[in-house]
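Two complexes come next, and they have one chain in common, subunit A, joined by subunit B in the first and subunit C in the second.
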Partner chain A sequence: MKENLYKYILGIADNSLVLGQRLGELCGHGPSLETDIACTNISLDLFGQVRSYYQYAAKIKGNNATEDQIAFLRKEREYLNVLLVEQPNTDFAYTIGRQFLFDIYHFLFLTELQKSHDLNLAAIAKKSLKEVSYHRRFSSDWIKRLGDGTEESKRRIQEALDSLWTYTDELFHQTEADKIMVSKNIGVDTPTLKETYYTEVQTILSESTLEIPESKWFQKGGKDGIHTEHMGYLLSDLQYMQRTYPNMEW
Partner chain B sequence: MSEEQIKNLEAQFEARIARDEKIEPKDWMPEKYRKTHIRQMSQHAHSEIVGMLPEGNWITRAPSLRRKVALLAKVQDEAGHGLYLYSACETLGISRDELYEQLHSGKAKYSSIFNYPTVTWADMGAIGWLVDGAAIINQVPLCSTSYGPYARAMIRVCKEESFHQRQGYEIMIKLANGTPEQKEMAQDALNRWWWPSLMMLGPTDAESVHTEQSMKWKLKRKSNDDLRQQFIDQTVPQADLIGLTIPDPDLKWNEERQSYDFGPINWDEFWQVVKGHGPCNKERMNARVGAWERGAWVREAAMAHAEKKASKNQEKAM
Partner chain C sequence: MTITEQHIDKELFPILEKVSDPEIPVLSIMEMGVVRSAILEKNMAKVQITPTYSGCPAMDVIGDDIKKALSDAGYTSEIELILAPAWTTDWITPKGRRALEKYGIAAPLSPKADKDVLLHGKQMVKCTNCSSQNTRLVSQFGSTACKAQFQCNDCQEPFDYFKCLK
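== the complex of A and B ==
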């Protein structure tokens, strides 16, 4: 099995899985019907992407592996998503802040992944990019509304961004598998995206009359399977059926 | 306007409906017609958005990626139905905020079936199959109702509901053909959802207060009891086909009527839930009111931002 490629795909797909799961928690509970529909829509897009990635990963894994085994039957240490996407839906400001900080990265990442020498990954990236350009517009617009809205909304979104900022640097962290994939022209060399990322984020924050968070202390670990304490609870929900009723079809 | 003029208008109005013409938002209409439509359409819209909650309860726990995506899409469709039904209702001169206020204060009703809990995955199948099945039977006749915006909204709603119904039945097929544990889960869900689904088609004709006027305005084309019989006759063979048993010992094919006879419905339970004392009435209302209140600052921010933007654009233009 191509172990590094397999891990590399999980590193991408798990972000969409976990963020999609977080957004799914909100379905029916949004601040308005329109935002409810939009967040569900983003969740749906992300799960669609997840299925493409995992189906491909399952083929690489062989042994009759399936997308659902990969999605539902790993242990917490085997999920390779960044810490940012597993952060909880504390309020709408956190939901939007998390989305925005991820979307800006996701868009830059997929733009590069389209050039991958792995044709499957390039094709998934191309298809996903259309969706993610909408996600990016949606979350950027809400950053502007909340930043330059009322005093309360400004305070809340600033607090959310300050608190989530610590998870941004991990987006550019490379695992050993990542580095090997870059050397084979399959993976994206994420450190090269870092400067553009922070410039784009800062431009939108300034436009939204928000402060750029100052902290230079960053957290990482998710890409190596060491997660925040929130992750276990998210997985308890996600895996409930597959764990309670093993080896059944649904 | 003199009383005679009003009577004249009313006669013309009723004649238009009798000729199957559509009434449009800007047309003259009797006040009672407007109020009845606001009541029924908003009740329908509220049912869609409260109906998101029992199914939303299983999105994070859906058993496979395929089921998760389908469930998310289904609940999203319900939000969409709510959206166009509220919009159709707004053409009668009431705002969405006012309609929410009526829901949150308990003045407006929504379908009582959503006050039952979803306790297993099989409930996602049973709701699609039975609840959406009963909803379709109620709603298909509304595609030709007299109020234009409602009729047009219903055409789209019914197409999607019929997809949901098939999707729910497909979940049940899979369970019924699965392991003994899965089959038991399916039967248990049918046992719990069968009677509330029959109640969903409304009180018996003898107890139904709105029927006669609603028939005239084509808000209703068949009586509640006729619709219920139609639902039972359609659903029993579907249960047979997948080896599930309808939880009614009195259920029996009546050769003479070419229909199923069925046992007595527990109307006390129906009225208990309608009056607010079902298993989840409080939880559903708390979820709706809670989402609305927690979202207040977000909606205020969006309004404030739009105003700032508009005044900036104005300054630029000057």
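== the complex of A and C ==
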């Protein structure tokens, strides 16, 4: 089995799975009908992308592995998503802040992944990019509305961004598998995206009359399987059906 | 990987044309452009379909519906889901666009107009009820991921707009 490629795919797909799960929690609980539908539609896009990645990963793994096993039957330490996406829906500002900080990255990342020498990954990236450009519009739009909105919306989105900022640097952290994939022209060299990322984020925050959060240090670990305390709860929800009714299909 | 032309066997076309999109029943999957090739080898039909959106829950149903239609017509079939080239709203046929509008879904505009409408609030989407262009965006995401929600300021009709995907 191509161990490094497998891990590399999970590193990409797990971000979408975990963020999709977080957004799915808002189904029927969004602050308004429109935002509820938007969040769950974005969740659906992400799950769709995840299926393409996991189907490919299952092929690489062999031994009759399935997308469902990969999605639902791993242990916490085997999920390789960044810490940002597992952070809870504390309030709508946190949901939008998390989405925005991820969407800007996701768009830059997929733009590069389209050039991957791995044709399967390139095809998934190309397909997903079209969807993610709508996600990025949606979350950027809401950052502006909340930032340049009422005193309270401004205070709350600022607080959410200040609190989530510590997870942004990990987006550009590279694991050993990442580095090997970059050397084979399969993976995206994420550190090269960092400057553009922070410039784009800062531009939108300024337009939204928001302060750029000041960071003293950054949290990381998710990409190596070491997660925040929220992850266990998220997984117990995510895995409940498959563990209670083994082999049920998606 | 770069099949941009559709290759549809003449014998299979009328069968496939009768399979409708499960979410938009007035629209055939052929008019939607999701069937990228249909080739007949002896009695085995090999059909390639491509999803409109990655998470489109209709794809599994479309696959099953094609299989059933072909089997009713006496063919065994193999359905393959392909991702490249990625589906674009350009593949919706003119007949398909008319069917959408009649059903109450405004057909996708050009990429530039789409952006003007969804980002800058320009009034270019025509109301499917009264054809007025005096319409407004209610939500960038509508009843499904591929649509945005609009409302007509003249007749008050709420309707879906099929977002441009290119």
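Note that in this section the second predicted complex is superposed on the first by the 246 of 250 C-alpha atoms of A that agree within 3 Å, B and C clash if a C-alpha of one lies under 4 Å from a C-alpha of the other, contacts with A are read in each partner's own complex, and residues count from 1 in each chain.
To be clear about the criterion, a residue touches a chain if its C-beta (ideal position, glycine included) is under 8 Å from a C-beta of that chain, and two chains touch if they have at least 3 such contacts.
As the structure is a computational prediction, the values presented were derived from the model and not from experiment.
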* Go through the superposed model and pick first if A:Ile37 touches only subunit B, second if only subunit C, both, or neither. => both
* To do: Considering only touches as defined above, state whether A:His230 meets subunit B (first), subunit C (second), both or neither.
  => neither
* To do: Look at A:Gln242 in the shared chain and tell me whether it touches subunit B only, subunit C only, both, or neither; answer first, second, both or neither.
  => first
* **More subunit A residues in contact [subunit B versus subunit C]** => B
* Asked: Which partner does A:Phe138 contact after superposing on A: first (subunit B), second (subunit C), both, neither?
  -> second
* To do: Check whether A:Phe92 is in contact with subunit B, with subunit C, with both or with neither, and answer first, second, both or neither.
  => first
* Asked: Which partner does A:Gly48 reach: the first (subunit B), the second (subunit C), both, or neither?
  -> both
* Contact residues common to both interfaces of subunit A (with subunit B and with subunit C) -> 34-35, 37, 41, 44, 47-48, 51
* To do: Note which residues of subunit B are touching subunit A in the complex, please.
  => 49, 52-53, 56, 59-69, 72-73, 75-76, 79-80, 82-83, 86, 121, 171, 174-175, 178-179, 181-182, 287, 290-292, 294-302, 304-305, 308
* **Of subunit A, residues touching subunit C in the complex** => 34-35, 37-38, 41-42, 44-49, 51-52, 119, 122-124, 126-128, 130-131, 134, 137-138, 141
* Hey, which residues of subunit A end up touching subunit B in the complex? -> 21, 24-25, 27-37, 40-41, 43-44, 47-48, 50-51, 54, 67-68, 71-72, 91-92, 144-146, 148-150, 152-153, 156, 237-238, 240-242, 245, 248-250
* Residues of subunit C defined as touching subunit A within the complex -> 1, 51, 53-57, 83-87, 118-119, 138-145, 149, 163, 165-166
